[in-house]
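Labels run A, B and C following the written order; every chain starts at residue 1.
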Amino acid sequence: MAKFIIKRIGYMLITLFIVITATFFLMHSIPGDPLAHMARNLPEQTRENYYEKYGLDKSTPEQYVIFMKNLLTKGEMGESLRYPGREVTDTLMTNSAVSAKPGGMALVVGLIIGILLGIVAALNKNKWPDYIVMFIAILGITVPVFVLASVLQYIFSVKLMVLPTTGWGSWKNIVLPIIVLSFGTIATYARYVKSNMLDVMGQDYILTAEAKGVSRFNVVKKHVLKNAFLPCMTLLVGQVSGIFTGSFVVEKIFGIPGLGFYYINSINDRDYTMIIGTTIFAAALFVFVQLIVDIAYSLMDPRIRVK
Amino acid sequence: MLVNHDVTNMMENIPDEKFKIIGIDKDAEAPSRPRIGYWRDAWRRLRENKVAFVALIILLILIFFIIFGPAISGYEFEQIDSDAINQGPSAEHWFGTDDLGRDLFARVWQAGRVSIIIGILGAVIASVVGSIYGGIAAYFGGAVDDIMMRIVEVLLSIPYLIIVILISVVTDSKSLGTMLVALTLTGWCGIARLVRGQMLQLKSQEYVLAANALGVAPIKIILKHMIPNTIGMIIVAITFDIPGYIFSEAFLSYVGLGIQPPSTSWGALASAAQQNFMFYPYQLLFPALMIALTMLSFTLLGDGLRDALDPKLRK
Amino acid sequence: MEKDKILEVDNLNVSFNTYAGEVKAVRGVSFELSKGETLAFVGESGCGKTVTAKSILRLLKPPFAVIKPESKIICNGKDVLKMSEKELCEFRGDEVGMIFQDPMTSLNPTMTVGNQIMESLMIHKKLDKKAAKEEAVNMLKLVNIPSPEKRIDNYPHEMSGGMRQRVMIAIALACNPNVLIADEPTTALDVTIQAQIMDLMMELKTKMNTAIILVTHDLGVVANFADRIQVMYAGEVVERGTTKEIFNESKHPYTWALLRSVPRLGSESKEELYALGGTPPDLLLPLNHCPFADRCEYCMPICKECKPKETVLSDTHKVSCWLMHEKAPKVESFYDRRDK
């Protein structure tokens, strides 16, 4: 068991290393000068200072080494190019704290509602609850996030005026973002849970349980659910990824000063240090979530655990 | 059920010839149901699946409009008309106009070309690459398989959209080609895993072993047994992937990394319409509707195809 | 010699509603089971024996599977087909237990073996967890599983096929039911393990005086085990009798074919193993004549026109075949050929 965990952590670290290195070198391979348009009008000396400050006077491999040193020893990734003085890592921390609220809650909400709907659909196959759930699921999968966000914003903020359009601060600001962000998770889980449950319900051991005289309720509760849920854990990683990318759009539309919002801005501003920083942060987040899910899954499935 | 009582009454009256032994009638053709080939049966099943069939029809309609739409509208998609800015749908402009007075009907279908092409090409390229990769891994097995799959695993743990964004930023080109490369760079991994898994499973299936035992050459086994059984799965995977690529393209365009004007895609249209949504909702509505319809249809079609092509469901 | 009748099945008709139409899987099957008796259902795949067995516990799901209203199943004096959901749950596992063919897939992979046995005990005998666990260990001992106290916390995948089947038996017998239905219990096992399991079942049968319905396609398994045999074909019972009668005095050509198919140790000839040609009839079609007619070497015109009546040869031996009719010619039976 411990060996398994160590192996997984090993993979995680290797992946992270590859991502960081690749990102770094990729970004640095962009032709042209990152400071060019900013530093255009600056006097020579100031320019030099800037270049030195950002280490741009050194060769790329050297910069890489410095970067890694700073990252591993101090946890720093330099300063924003666009907004000098702003530490990349600090900004990331602040921004992700903001994004985590609607994002995290969307994940939880999505999971709970999605699973519940999936169970309802499986138990009422081919009857109207099934069709309604499937309809919702299909909507969630096909309607693009920015459309959903815009439509909801239109209905609730403009027409009905019950919720603010943009802004950050009160609980009212997160209602719509949570709804939008969780939709995809609800849809995915509803479909997956339903399909898994139906699969499990067709298994031989369910017949054995029924032959024992276990009531339908308990058959579902004790035999079906556990076996159907296990595989759903693996979906978690994709959901986190989905919510993360969804947040780019949601934060922009609802004016939430979070990670996604600033990421888009840095991309458009060509703020390379921020881009590198955010990318690495996001990658680390996913890889970490993947690790947690892998470990949790192996702990819960007795077939893997014993090895 | 039985006509027992009649027979009992007739007990004495059954003629003797009825009791002459005739044995097994070797010529009698058992009235069995006609044999249908795999593809014909799949097509029949697909047709029966109303939802999937409707989805297919919708897609065909969309494709029709994509090809002929701009011509039908009578406008050029780039044609600017400063007198007709931001008009709602009307008899003249069926989908209305945008902020430069361009006819939206023409633009939506023009954009559709880009979106669908990216969707289909992306999915197909990724699938072909992935299938070959997976096939090779499964064929060689052992250490080769291990290494190849480790690479896939590492690639898969990197969030897909991040790579796409990265590539787009780095190459700083927003052309179709770049987008395709970015999108397919990690897209092939999923299919590689699927194909490899399927091939490995097939390798140990009884009928492959049987073919081996009968002395069939390996290449024939691959061609006649393994590939046909995998193609169905690949087709389904492609169909399911297409909406993903369309969405990714739309998303990228939305955040500004995608197709640039004057060329356009559904995502780009949506992005441009975003700012005006409050005032001219139709500008966002139509491209969004098209995206949703297309993704929905491909997904439903994929569902139907999967059921139709699954050999275990053959009746 | 009135033995206690604990199970009575009369005119059982079960159909499946498929996309192609109504498949009549069981057509008018009737039989009885007395206390402590072992009855075997023998026949090839698809003859309806498993469907019949499952119907006793009403394990088939409407609307796909339908037990027709003219059918009757009375067990321990209760009308099974009229039971409510609650009564059915009490009935299953407590009065009738069932074991299934594939022990690999018939046990819940994420539940310990012990818990699966205990579940039955806690539902029907209302035992608390501790008492149930003790009883479960006893059951494991009963089915000859070594170190039961340790094994009780094992998961199914940690056990061999033979052991898993023993666990299935333990689960089914935990509440000491009157009837045990065994659906091809040894088909998925190696031959040596098969023998072990059959021995175990013999032992338990005597110990617990359970009546057993054994469903199998293998006549060999039945010989030393069953008291009575009923041979089924295409959803109907074509012959029934005591084991002795079926093995030594059977009269139906299908039974003969089954007997012929059993390879005999020590037979001199080098001829090919006998395999009955042809395939069973399509159950979608109504069959108003003898179902075996197309494959029977003694087929007569009457066989293809009318269904044979059930001829009573003795209290226990009955056969449905036109060869029993007085006008039918005498034919060379399986025994005549064998003893030549």
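Just so it is clear, a contact is a pair of C-beta atoms (placed from the backbone, for glycine too) under 8 Å apart; a residue touches a chain by one contact, two chains touch by 3 or more.
Bear in mind the structure is a predicted one, so any value in this text is a computation, not a measurement.
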Sort the chain contact graph into one of these: line, ring, star, complete or other. complete
Relative to chain C, which chain's C-alpha centre is the most remote? A
Any idea which chain sits dead centre by C-alpha averages? B
Taking each chain's centre as its mean C-alpha position, how far apart are chain A and chain C in Å? 55
How many angstrom lie between the centres of chain A and chain B, each centre taken as the mean Cα position? 26
Rounded to the nearest Å, the gap between Cα centres of chain B and chain C is 46
Per-residue multi-chain contacts in chain C, two or more chains: none
Residue numbers on chain C that touch chain A, as the complex places them: 57, 59, 85-86, 88-94, 97-98, 100, 102, 105-111, 119-120, 123-124, 155, 157-158, 168, 171-172
Per the contact definition, I'd like the list of chain B residues that touch chain A in the complex. 153-154, 157-162, 165-167, 169-170, 172, 243, 247, 250-251, 254-257, 270-271, 274, 277-278, 281, 284, 288, 291-293, 295-296, 299-300
Contact residues on chain A for chain C in the complex? 203-205, 207-216, 222-223, 226-227, 230, 301-303, 306
Spell out the residues on chain A that touch chain B in their complex, using ranges where they run on. 11-12, 14-15, 18-19, 23, 26-27, 29-30, 138, 141-147, 150, 153-154, 158, 241, 244-245, 248-249, 252-253, 264, 267-268, 275, 279, 282-283, 286-287, 290
Which stretch or stretches of chain B touch chain C in the complex? 1-4, 7-8, 14, 16-25, 28, 30-33, 315
